[in-house]
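For reference, the structures are reproduced in the following blocks.
You will see two complexes here that share subunit A, one where it goes with subunit B and one where it goes with subunit C.
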Partner chain A sequence: MKAIDDLLLQFPYATVEQKDKFYSVSVPKENIHETASALRNNDTVPFDFLIDIVGMDYGDTLGVIYILSSSLYPTYILRLKTETPEREDPLLDSLHELWDSAGLYEREVHDFFGIRFINHPDMRRLFLRQDWKGYPLRKDYDADPAINPIPMDNEDLDDMENIPVIEVNHGQKFEHQHKLFEADEYVVNFGPQHPATHGVLHLRVSLDGEIIKKIDPIFGYIHRGIEKMCETYAYPQMLHLPDRMDYVSGPINRHGLCLAIEKGLELEVPERAHYIRTIIDELGRIASHLLGWGCIAMDMGAITAFVYGMRDREKIMDIFEETCGGRLMANYSVIGGVMADIHPNFQRKVKEFIPYMRKMLKEHHLLFTGNPIARDRMDGVGYLSKEKAIALGATGPTGRASGWSNDIRKIEPYAAYPHVDFKEMLRTDGMTFDRYVIRLDEIAESLHIIEQLIDNIPEGDYAAKTKAVIRLPEGEYFQRVENARGEFDVYINSRGDKYPYRVKFRSPSMTLVNTLKAIAVETKVADLIMLGGSLDYVVPCIDR
Partner chain B sequence: MFHFEVVTNWIDALLREHLSEGWTLLIEFILIGVVILTVYSVLALILIYLERKVCAFFQCRIGPNRVGPFGVLQSVADMVKILLKEIIKINKVDPFLFRLACYLVIIASICTFGAIPFDKGLQAVDFNIGVFYLLAVSSIGVVGILIAGWSSNNKYTLIGAMRSGAQLISYELSCGLSLLAIVVLSGTMQLSQIVEQQADAWFIFKGHIPALIAFIIYLIAGHAETNRGPFDLPEAESELTAGYHTEYSGIQFGFFYLAEYLNMFIIAAIAATVFLGGWMPLHIPGWESFNGIMDYIPPVLWFLGKTFFCIFLALWVRWSFPRLRIDQLLSLEWKILMPISLINILLMTLLVL
Partner chain C sequence: MDVKDIRIKNMKTEDFKENEYLEEYVRELRANGVNVVVSKLDDLINWGRSNSVWPLTFATSCCGIEFMCLGAARYDFARFGWEVTRNSPRQADVVFCCGTIVHKMAPVLKRLYEQMAEPKYVMAFGSCAISGGPFKKSYHTVMGVDQIIPVDVYIPGCPPRPDAMIYGMMQLARKIKLQEFFRLPKQPHPENQKEFTAAFNDTNENVEKGGNQ
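What follows is the complex of A and B.
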């Protein structure tokens, strides 16, 4: 696009590559801050959405890739790259003031690659223990258990509150630490084992009576090192991992990874597989939203609603069980298509499910949406403006409830989405109630999508033939899909081997926890739990 | 109409015939204590079973169905389990207050329980200030909850206890004021008298609209007094894990649990006694044969029927509504229920005059 080309001409030091709508811009590390702020703060194409930050170990240098997009032109993606030859104490400028989501992503890069960001307000490790030795995603990492033995003690909370900061003034490096909480603050731990954290999330919350003053989320309690595992797995083996990240919308994650690999192989996937995958994805989305609906109700104390959600979700699980073999972990998409053809009952059961679910949706609205206590609780709490949602990278239903049109199914239609007619659900108020009701609306829209596809599944193969050993050609592959919680992205860097060189998954839930931190301050304890439910994050997706 | 009065009077006469005054009283005290404790725990078992079945019904489930026919022995098994459970010693608690708290809660509950008239003469405590006694004794429970939250040395329990303090003290006002409306109507505070006065018609019919308003306010405020959803903020399991009794285990937790269920029963029983005529059968003035048929149903059944009806209402609400937030809870009481109750007393006074 001409506007982007013009913009990039401002940076004479940058190397620009373009492939369709993908721009790749490499800049020296001294210019990264200047380039990024010019990209972020310009009037023609403001790159206001930081999709993800990918840390890289290129062998001799360490690098960072900022994947940017603009809310005005969401189909264009710009990869801003920089690298540093220093491996002992690599330092880069922090961009946390340009995008609200950058702070968390930079901590992740620091945790895995040891790159420290200058002026970043919080340079703790994100997932691993603060006393962990080495940086696991570096290629020269030593995984010897003698270096990092299995710890026998809990991590000291005091260590977790010491925040290191690095500042550089006139070429002089200053390092100092400060405490997160004052000595007399009333700090309550919500989690890691707590009924309302939707997994093992640990929130350190500073309270003044019932009012929340500060929130510090601590991740990593279910960190499995999926990205590191991927580097030692062959491509078909890797497929089992994304199901286990966001386990509630597992089929969509796996679909995303398959699409990324298929893009690399330039594999022609049969139409039948596309249709089946789309139906399974939408069923998965309904199941996930039903759980999300039940959870927000339960977080407000209405346990019955949760049981109703689970009851309806069970029907989808039964359909999955018949066709995919798995219930929660469907394990259905494979490279080139799907694992097996649909079960003879599949179409009949799905067609029975659609009217049933429509009836139940009415009941859910009647029982809970119209409930005066529920409305009172949700109205006027947890406002998230559109600008803030974009800056925080709060994709998915959360962003759409604030009026940010970010549905990847519309922006970059994949699988069978180009063939169906559906609306992107948008609301404008950005309140808790909008985030609640948009999930029920999306269930109705998903039913509409399935209805169009279920009778028109084309005949033919359900999977394309692939080679026994899959080698991805050298290059970078990036695939965006719309998960039930937001944008789930797969970044694969291949060097032509049968194992990927680097894999990065964008977790929509991670930015949602960051959003919770932003909107829950000054609300009450009861609201914190409800807001967490309304954002509907899944913690294993954050920890990966 | 057969009244339990006959049985109790016979026991009393029998004892007095053979023993001196002091021994009679001692034996009667012991008998009453044993009976009350037994009924208390048996009722708790029934209520727990009932709650689980009703909850299952609302949630499209089956509920307990493995232990005994229809799972009726489930709560007995649970009771045995809780009796055998280890009481875990928590570091850094205040040991004296920590142990005291659960007894305070259950003593308050049992004392209130003793004042409930199950039948004519089947009532352990029948003061002439019965209603006043009920309100006073049930308030001791708040102290127990506050002590439990404070002595546990846990931040969740402290938040839970503070919420519970604010909530119980506020709602006690509406509770008391709505009962006061009926006291104005009946002119007595003695529970047995209040029941006797409803022989021609229950107070909810006799008192016209003010009595109905008082009944509804009493149900809401009383429900809040029992700390059950949508007013279960002190224990709010999705926020504070278990609120004020987070650190309790074994039978100490069992005491809180028992008291919670029995408080639900007590609130329902008082509602039944004061508004729905207690053990008094349904009498309609003028319909003599109808009244005669109604009298054939034993009064204890009348009483339990009305009480369980009120309990069912409480369970229905408990399993349907989401929880209120603390500021909404307090504004409901201070801005809505209390002014209405005050005006209601005024109305009732005008009606009586």
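What follows is the complex of A and C.
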């Protein structure tokens, strides 16, 4: 696009590569801040959405890739790269003031690669304990269990609360620490074992009476090292891992990884597989939203709604079980298509499910959406503006409830989505109620998508033939899919081997917890759980 | 003695696999001089205990969703008296360890277990909790919860179906029915295994003495 080309001419020091709608801009580390702020703050194409930050170990250098997009031109993606030859104490400029989501992502890079960001207000590790030795995603990491044995004591509170900061002034490096909470603050722990944190999330909440003043989320209680494991697995072996990250919309995650690998192989996937995958994805989305609906209702005390949601979800589980073989973990997509053809009952059962679900959806609205107590709890609480949603990278239903059009199914249609007619659900108020009701609207829209596809599944193969050993050609591959919680992205860096060099998954849930941190301040502590329920994050997806 | 007279209301003894384990348990108890003919009071208490086991809500990942399915309408573990899920370990009898346990979570789980009141039981639910499962190669996964706390029942699967969980629950119910409530064995702990063995031998001696009297 000409506007982006013009913009990039401003940076004479940058090396620019372009492939279709992907721009790749490499800059020296001294210029990273200046380049990033020019990209962020310009009038023609403001790159206001930071999709993800990928840390890289290139062998002799350590690097960072900022994946940017613009809410005005969401199909264009710009990768801003920089690297540092220093391995002992690598330092890079922090970009946390340009995007609200950058702070968290930079902490993740620090945790995995040991890169410290100058002027970053909080340079604690994000997932691992503060006393963990080594940086696991570096290529020379020593995974000997004797170095990091299983800890038997809880983490030291001082470790959690002392925040290291690093500043550079006139070439002089200053390191200091400050306290997260003041001595007279009243701090309450939520989690990691708490029935309503939707997983093992640990929130430390500072209260003034019952008003929330500050939230400090602590991740890593289910960090399973999936990205490092991917580097030791061949491509067909690593397919089961994304299923287990965001397990409630597992089929979609796995679909995304398959699409990324297929993109690299330039593999022609049969139309039949595309249709089947799309139907399974949409069923998965309905199952996920039903669970999300049940959980937010349960967070507000309505246990019956949860039982109703689970009852309808079981119908989808039955369909999954017949066709895919698994209930929760469908394990269905493979490279080149799907694992097995659909079950003879599949179409009949799906067609029975659609009118059933429509009827039940009406009942759900009648019982809970219209309930005055529920409305009182949800109306006017937890406002998230559109600008804030973009800056935080709160994709998916959360962003769409604030009026940010970010549906990847519309922006970059994949699989069978180009063939179907559907609306992107948008609301404008950005309140808890909007985030709640948009999920039910999306169920109705998903039913509409399935209805169009179910009778038109083309005949033919259900999977393309692949080689026994799959080697991805050298290069970077990036695939975006719309998960039930937002944008799920797969980034694969291949060096032509049968193992990937680096795999990064963008977790939509991670930015949602950051969103909770932003919107829950100044609300009552009783609403915290409900706000978390309305964002519907899944913690293993954050921790990976 | 075989274990046929240990009655579970909803399932016959021959439907259970691995009855040898329980028979072995009975034989071991008898060899140590423990009276295995359960008295009426024990019967009554164990009938109550095995039919109202309160689980701690503890789910770290995927298996937790199947646990929720188990609590919901179709599988409905309230039928077996297990539905009172407790959020505080102090009120719980059993911890269902649903999902992967990682290094950062290990001390938390250990503390939760220690906070529970005796008699307490642990069920390892899913392959991650049993052995690390799909995350065996990871640098941050604990290869099975039995490295931290003792486990009574293992339920394999990734994730196990709710039906499998009901089967596991019944196994635990059977184990509870076999125990003597007034002379419950102490749970071994990996850390103080040596101490435990010594204490166990002591108890056995006492039991023998008691038997002689």
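Definition applied: the second predicted complex is superposed on the first by the 544 of 544 C-alpha atoms of A that agree within 3 Å, B and C clash if a C-alpha of one lies under 4 Å from a C-alpha of the other, contacts with A are read in each partner's own complex, and residues count from 1 in each chain.
Simple rule for what comes next: contacts are C-beta pairs under 8 Å (C-beta built on N, C-alpha and C of every residue); 3 or more make two chains touch, one makes a residue touch a chain.
Remember, predicted model here, so these are calculated numbers, not experimental data.
> Could you say whether A:Lys386 touches subunit B, subunit C, both of them, or neither, answering first, second, both or neither?
After superposition on chain A, A:Lys386 lies in contact with neither partner.
> For A:His194, decide between first (touching subunit B), second (touching subunit C), both and neither.
Once the two structures are laid over each other on A, A:His194 reaches both partners.
> I'd like to know which partner A:Leu291 touches here: subunit B for first, subunit C for second, both or neither.
A:Leu291 sits against subunit C, while subunit B stays out of touch.
> Name the chain, either subunit B or subunit C, that contacts more residues of subunit A.
C
> Taking the superposition on A as described, I'd like to know which of subunit B and subunit C A:Tyr247 touches: first, second, both or neither.
Only subunit C is touched by A:Tyr247; subunit B is not.
> Based on the superposed arrangement, let me know which partner A:Arg138 touches: subunit B (first), subunit C (second), both, or neither?
neither
> Report for A:Val307: first if it touches subunit B alone, second if subunit C alone, otherwise both or neither.
Once the two structures are laid over each other on A, A:Val307 reaches both partners.
> Touching A:Ala526 in the superposition: subunit B (first), subunit C (second), both, neither?
first
> Output check: A:Lys228 vs subunit B and subunit C. Expected answer is one of first, second, both, neither. What do you get?
A:Lys228: touches subunit C, not subunit B.
> Quick check on the superposed pair: does A:Asn154 touch subunit B, subunit C, both, or neither? Answer first, second, both or neither.
second
> Identify the overlap between the subunit B-contacting and the subunit C-contacting residues of subunit A.
194-195, 307, 311
> Okay, in this complex, where on subunit C does subunit A touch?
Interface residues on subunit C, with respect to subunit A: 57-62, 64-66, 68-69, 72-74, 85, 87, 99-100, 102-108, 110-112, 134-135, 137-142, 147-148, 158-159, 161, 191.
> Provide the residue numbers of subunit B that touch subunit A in the complex, in ascending order.
Against subunit A, subunit B makes touches at 55, 58-61, 155-156, 159, 163, 229-230, 232-233, 236-241, 319-328.
> Note which residues of subunit A are touching subunit C in the complex, please.
Subunit A reaches subunit C through residues 127-129, 136, 141, 143, 148, 150-155, 192-195, 199-200, 220-226, 228-229, 232-233, 240-241, 244, 247-248, 291, 306-307, 310-311, 313-314, 317, 327-329, 539-540.
> In their shared complex, at which residues does subunit A touch subunit B?
Within the complex, subunit A touches subunit B at residues 186, 188, 194-196, 207, 210, 297-305, 307-308, 311, 367-368, 371, 373-374, 376-377, 524-529.
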